[in-house]
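You will see two complexes here that share chain A, one where it goes with chain B and one where it goes with chain C.
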Partner chain A sequence: MIQIEKVTKTYENEKALHGISLSVGKGSIYGLLGTNGAGKTTLLKILAGIYRPDEGNVKVDNQPIYENVKLKEKVVFISDNLYFFPQATIEQMAAYYRSFYPSWNEERYQTMQKVFQINPKRKLQRLSKGMQRQAAFWLSLSAMPEVLILDEPIDGLDPVMRQKIKNLLFQDVADRELTVVISSHNLREIEDICDHVGIMHRGNIVVEKDLDDLKSDTHKIQAAFSSEEQEQRILEQLTVLHQEKRGSVLLVIAKGQKEAVEHIVHSSKPLVFDLLPLTLEEIFIYEMGGIGYEIENILL
Partner chain B sequence: MKSKISFFNPGVQKQNLKQHGWIALVYLVGLLFTVPLQMVLHITNENTMPYRHVEHLFSIGFPMQLFVAFIVPIITGMFLFRYVQTKQAVDMIHSLPISRGSLYINHLLSGLVMLVIPVWVTGGAAAAVSAYPELEAITMSDVWIWTAVMTVMSVFFFCFSVFIGMLSGMSIAQGILTFIILMLPAGLFMLLNTNINFFLYGFPNHYYSGETIVKWSPIIMMGEFNHVEEIPLGHIFVYLGLAVIFALLGYVLYKFRALEMAGQAIVYEPLRPIFKYGVAFCAMLVGGIYFEQYHSTGWLIFGYVFSSLLGFLIAEMILQKTWRIWKGRTFIQYAGYAAVVIIFGLVLHFDVIGYASNVPNEDDVKGVYFGDDVHSLTRAEEEEDVFVTNQAYIENVRAFHEYVAQTKPEEVQTNQPHRFNQYAIAYKLNNGSTLVRQYQLPLESVKDQLAPIVESESYKRINYHVDVLDNKLQNIVITADGPVQKNVTITDPEEIQELQHILKYEISRLQVDDVVENNMNWGSVILELPLQADALPDEAVQLSIPWKKNFNQLEQWLEDNGYLDQARILPEDIAFMEVQRLAGGTNGMAYPDRVFREDLGSETSVQVEDKEIIEKALETSRTMGDGEYFVRFVTENDIEFYGVFTKEDVPEEIISLYNSPS
Partner chain C sequence: MFELDVRSRKPIYEQLITNIKQLIVSNVLQPDEKLPSVRMLSKQLTINPNTIQKAYRELEREGYLYSASRKGYFVAPIELVSNDQKLSELKEHIQELLKEAVYFGLTKDELERWFNEIQEGGASSDPNRKSDEDI
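Then we have the complex of A and B:
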């Protein structure tokens, strides 16, 4: 659905994107992670067709997005700095969006009032930041986009509203294969909704992963063995990302199919054996640790 | 379904109307108050404002009308395109499915509608008001012209503001830059003209009125609309064309604009140095003019350095958006600028192009003008009227010019009152071009060269209206100078003819000393030409000749015909006079009354009532000049006037007032 190929962008003398490439499949939720200044917002604005890339291509549905009106009718961008017209009410803003997005779904707009519980006659600039963000979701989802680009969307929402919005996104992804690109500087905030994650650092994607693969692929093993040889043998057989010893207990982060790992460990007759699930954060830390990045700083 | 071809976007239009519709209202109210309402006030107030001065609708409600007419369109451009200047709005608007072209055209269209409709409504209202019989001077065509001109100029100011908005990333910068650039043609001309005058010896800065340049400063051009008889519709058409060009340029710039530059003063990198050095240069010229008033080269240079540096740093601060710009690079750039300016300054100072020494060859000169200013050169409808082709005269003027160009006497300041020290020379060359020079020189330095010019018939013919004296005159009015009101009108044709003869004789006798002396006149002789067939009485042409105190024949004739007592002040009118001596005098720098009004250290005054001495004093005193003896005349009606005796002209009787032992 989305192809980003070797995109660079320079602001005056500062290079924000260094030939970045990534792709997002239809109906997936792509999480873009990175610290402030990593280039997430720039990438998203290019993806939304706001900025023109200096080099490279940004395609949605195999068409370049920049200045492509027909294509942009299917793409909605929610900025981290929301803008509404001065004095405009939600209703007036909805009328404005309605005039731009041919796929606007009025029925959905009316229904979603129940979800958000905000009076559409209220002026947007008088609303709190969190309520403004809810209104932005409300308007954007009513436009029935095929691609939804969200820049730091979770900020300022209370946990209940976060869950509501996540559910709305899941629903759209499931019902009509909505593609979502979502940026955040906090992995924990988006790990439960993304199926793909890319980590940006200084204008580059340093890691790009399918989260389902990652979770089924990496395991934390706690085991104790009767002899050193046994221990050595299983370490040789496993793809080890990280190992440490706490007393007699061996802690190993290893890659591989769950069954295969279990099989290897059991074959050495461990005294104690636990196969524990890893948090995404741990996975990244161990994965990236191997290539020498201070990933902890990036992930916060 | 929206048409693909149609650029009209109802959503944008509706939003613009909602958000910015107030502009149209403000414009409408502003125009209604400055034009139709002023017309109504004119009708109700006919006594206070005689109506015949109104030529057209631009004569009404000026300068407020002008102010509204350029401020509102510029502001409209700032408000409508604010969405490209604030980051949040930029992101939101440009993420919508609408092309930049369509956004531009729709915003432009909204602005045009908001500006044009108020103009047309105002035009309609003015048409309605002009139907009043009291406003017969305003015709329907005046209303049409006003409406057309205001439409075009509103559209131009708006389109230009939008164009600048596409170059700038800040609304404030957009407004300020728009105004500055609109003023720039005239402003820069004025600044350059004045500054070059400091450097080039003989540069006639008053000659270059910049009339052609001023019309490209539309605000200044429109500022003249209230006193021109006909609105220059040709220029207006050009501005219509320019409006279209700037609108198109704005479109192209918008297409290429890097939206992330919102918030920067200048969006396009290559324009930044132009902005920076341009501001430095203009600031430098302004500083030069300010510090030149102290007439010191040191202060002038200080003015240039200080103000160019200030301008440069301010421009740099605006571009960098911080005042912390104190990096080596900034000052190296300024040094580069300074080096270029110094080179140009030296080129001017050492006159590398030979400007000051350029005296045309006799063979190249077709005609010549010599006078004390260049106004008649710029005002003359036909140049033949001012240029004299007499060979001897050309040679005299050339000799004068040659002498000045070679000796280069130091120029004096203009502000010395009543001194004959300004000389303007113009040559009409055979190749069709004109060479003009202007000098302010102390009279003593060029008097020998001046004499053959001003004593020539050619000079007198122009400066003393000898041509007019050759022809039939309607009346001759002789008026007295000074505070005593006296005048006599000669209407008898025979007497007029006699007077014409006498005046021609007196003029032919004028020597250089008489010509340069402006302070020894009894009064003026005013020649009234016969009326043109269709002219009104107040349009009669009047020309004036000074009545010099040594026009003895004239005085004799006036006495013989019994006019003298009505024409000039006589000893009989004077009750007494008071004489004061101020050792060293005032160098001719002060009016004589100061000696009496202020304590400048003069000796005790002497009062004289002797009519003979008074007559002598009247005949020899000047209104202004360099001398030690000052006089105060008091008339029988208690009116005072003052005079001074120059060293060579002090009557014996007055010197003896001080020398006689008392």
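Then we have the complex of A and C:
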């Protein structure tokens, strides 16, 4: 559904994107993660057709998105800085969306009032930050997009509303193969929502994978051995991302198939051996550590 | 019907697979029974439909489910499930437990007695308790 090929973007003297390529399949929910200033928002704005890439192609449904009005009717972007017309009420914004998006579904708009329970006659600027977000989702989902691009969408939503919005998104993904691209720092949230993730750092994609594959490909190993040599031997055989010693217990983050890793460790007859899947947060931290973005800088 | 722990380290699709397998093995889900549709389950559990689809497909590959085009997924009659594979999976768990039991003094005879108890159909747990106290 979405193809991004070797896209670069430079602001003044600053190179924001260094030839990024990624693809998102139809009906997939893609999570874009990254360090601060990695270029996530720039990439999303290019994807939404707001910015023009300096080089490379951005295609949605096999057509270039930039200045493509017909295509943009199927794409909705919720920016992290929401914009509504000054003094506009939800109703008035809905009228504007209705005129812009031919696939606008009035019935849906009316039904969703039950979900959000905000009076559509209220002025958006009088609403709280979280309620403005809700209104943005309400309007966007009523426009029945084929592609929904969300930049830090969960900020400011309460847990009940998050769950409701997730549920609405999943229904659209299941029923009409909506494609969603989400950027977020909240890895817990991404982990629950997405099926694919891409991790960005300094204008490049560092890792891109099916989330479950990523998780089943990296393991946290806690093991203790009777001798140093045995410890060394398994460390040499494993693809180690990170290692540390806690007392006599060795903690290793290693890549590879679960069975293969288990086999290697078992062959050294460990006294204690535990193999755990990693959380997305841990994967993020160790992958970043691997390319020189140290853990100390990430943990607050 | 499905109990998922979103805070667990285990990927949700693995949890789904384990859950459904348990329901099939314990006969809560009967052969040829239809599983909830991807759409329904996604809505009920608030889980990415792609994750559920993936779990169903994996279960089909392992022979626990079969799919009828456009009608959804059904529980496969038990003969279709490969016993070898299931046994090798269980072996892992059992050996893990055995290791601990051996450490606490389990003998081969004792293990055999446990095995016989199960074959005789449950039997009393008294001998077990006694041996626990011995330790």
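The rule we apply is simple: the second predicted complex is superposed on the first by the 217 of 300 C-alpha atoms of A that agree within 3 Å, B and C clash if a C-alpha of one lies under 4 Å from a C-alpha of the other, contacts with A are read in each partner's own complex, and residues count from 1 in each chain.
Throughout what follows, a contact is a pair of C-beta atoms (placed from the backbone, for glycine too) under 8 Å apart; a residue touches a chain by one contact, two chains touch by 3 or more.
If you're wondering where the values come from, they're calculated on a predicted model, not measured in any experiment.
Asker: With the two complexes superposed on chain A, say which partner A:96 touches: chain B (first), chain C (second), both, or neither.
Answerer: Only chain B is touched by A:96; chain C is not.
Asker: Let me test your reading of the model: by the given contact rule, A:195 touches which partner, first (chain B), second (chain C), both or neither?
Answerer: A:195: touches chain C, not chain B.
Asker: Identify which of chain B and chain C touches the larger number of residues of chain A.
Answerer: B
Asker: Which partner does A:48 contact after superposing on A: first (chain B), second (chain C), both, neither?
Answerer: first
Asker: Just chain B (first), just chain C (second), both, or neither: which does A:163 touch?
Answerer: second
Asker: Does chain B (first) or chain C (second) touch A:174, or do both, or does neither?
Answerer: In the superposed model, A:174 contacts chain C only, not chain B.
Asker: After superposition on the shared chain, which partner residues are touched by A:11: those of chain B (first), chain C (second), both, or neither?
Answerer: It touches chain B, and chain C stays clear.
Asker: Should A:62 be classified as contacting the first partner (chain B), the second (chain C), both, or neither?
Answerer: neither
Asker: Please indicate which partner A:215 is in contact with in the superposed arrangement: first for chain B, second for chain C, both, or neither.
Answerer: A:215 sits against chain C, while chain B stays out of touch.
Asker: List the residues on chain C that touch chain A in their complex, please.
Answerer: That would be residues 6, 9-14, 38-39, 42-43, 46-51, 54 of chain C.
Asker: Mind pulling up the chain B residues that touch chain A in the complex?
Answerer: Touching chain A: residues 1-2, 9-11, 14-15, 18-19, 86-100, 102, 258-260, 269 of chain B.
Asker: Which residues of chain A touch chain C in their complex?
Answerer: Result: residues 27-29, 163, 166-167, 170-171, 173-175, 192-195, 211-212, 215-216, 276-279 of chain A touch chain C.
Asker: Within the complex, which stretch of chain A touches chain B?
Answerer: 11-12, 45, 48-52, 67, 69-73, 75-77, 79, 81-87, 92, 95-96, 98-102
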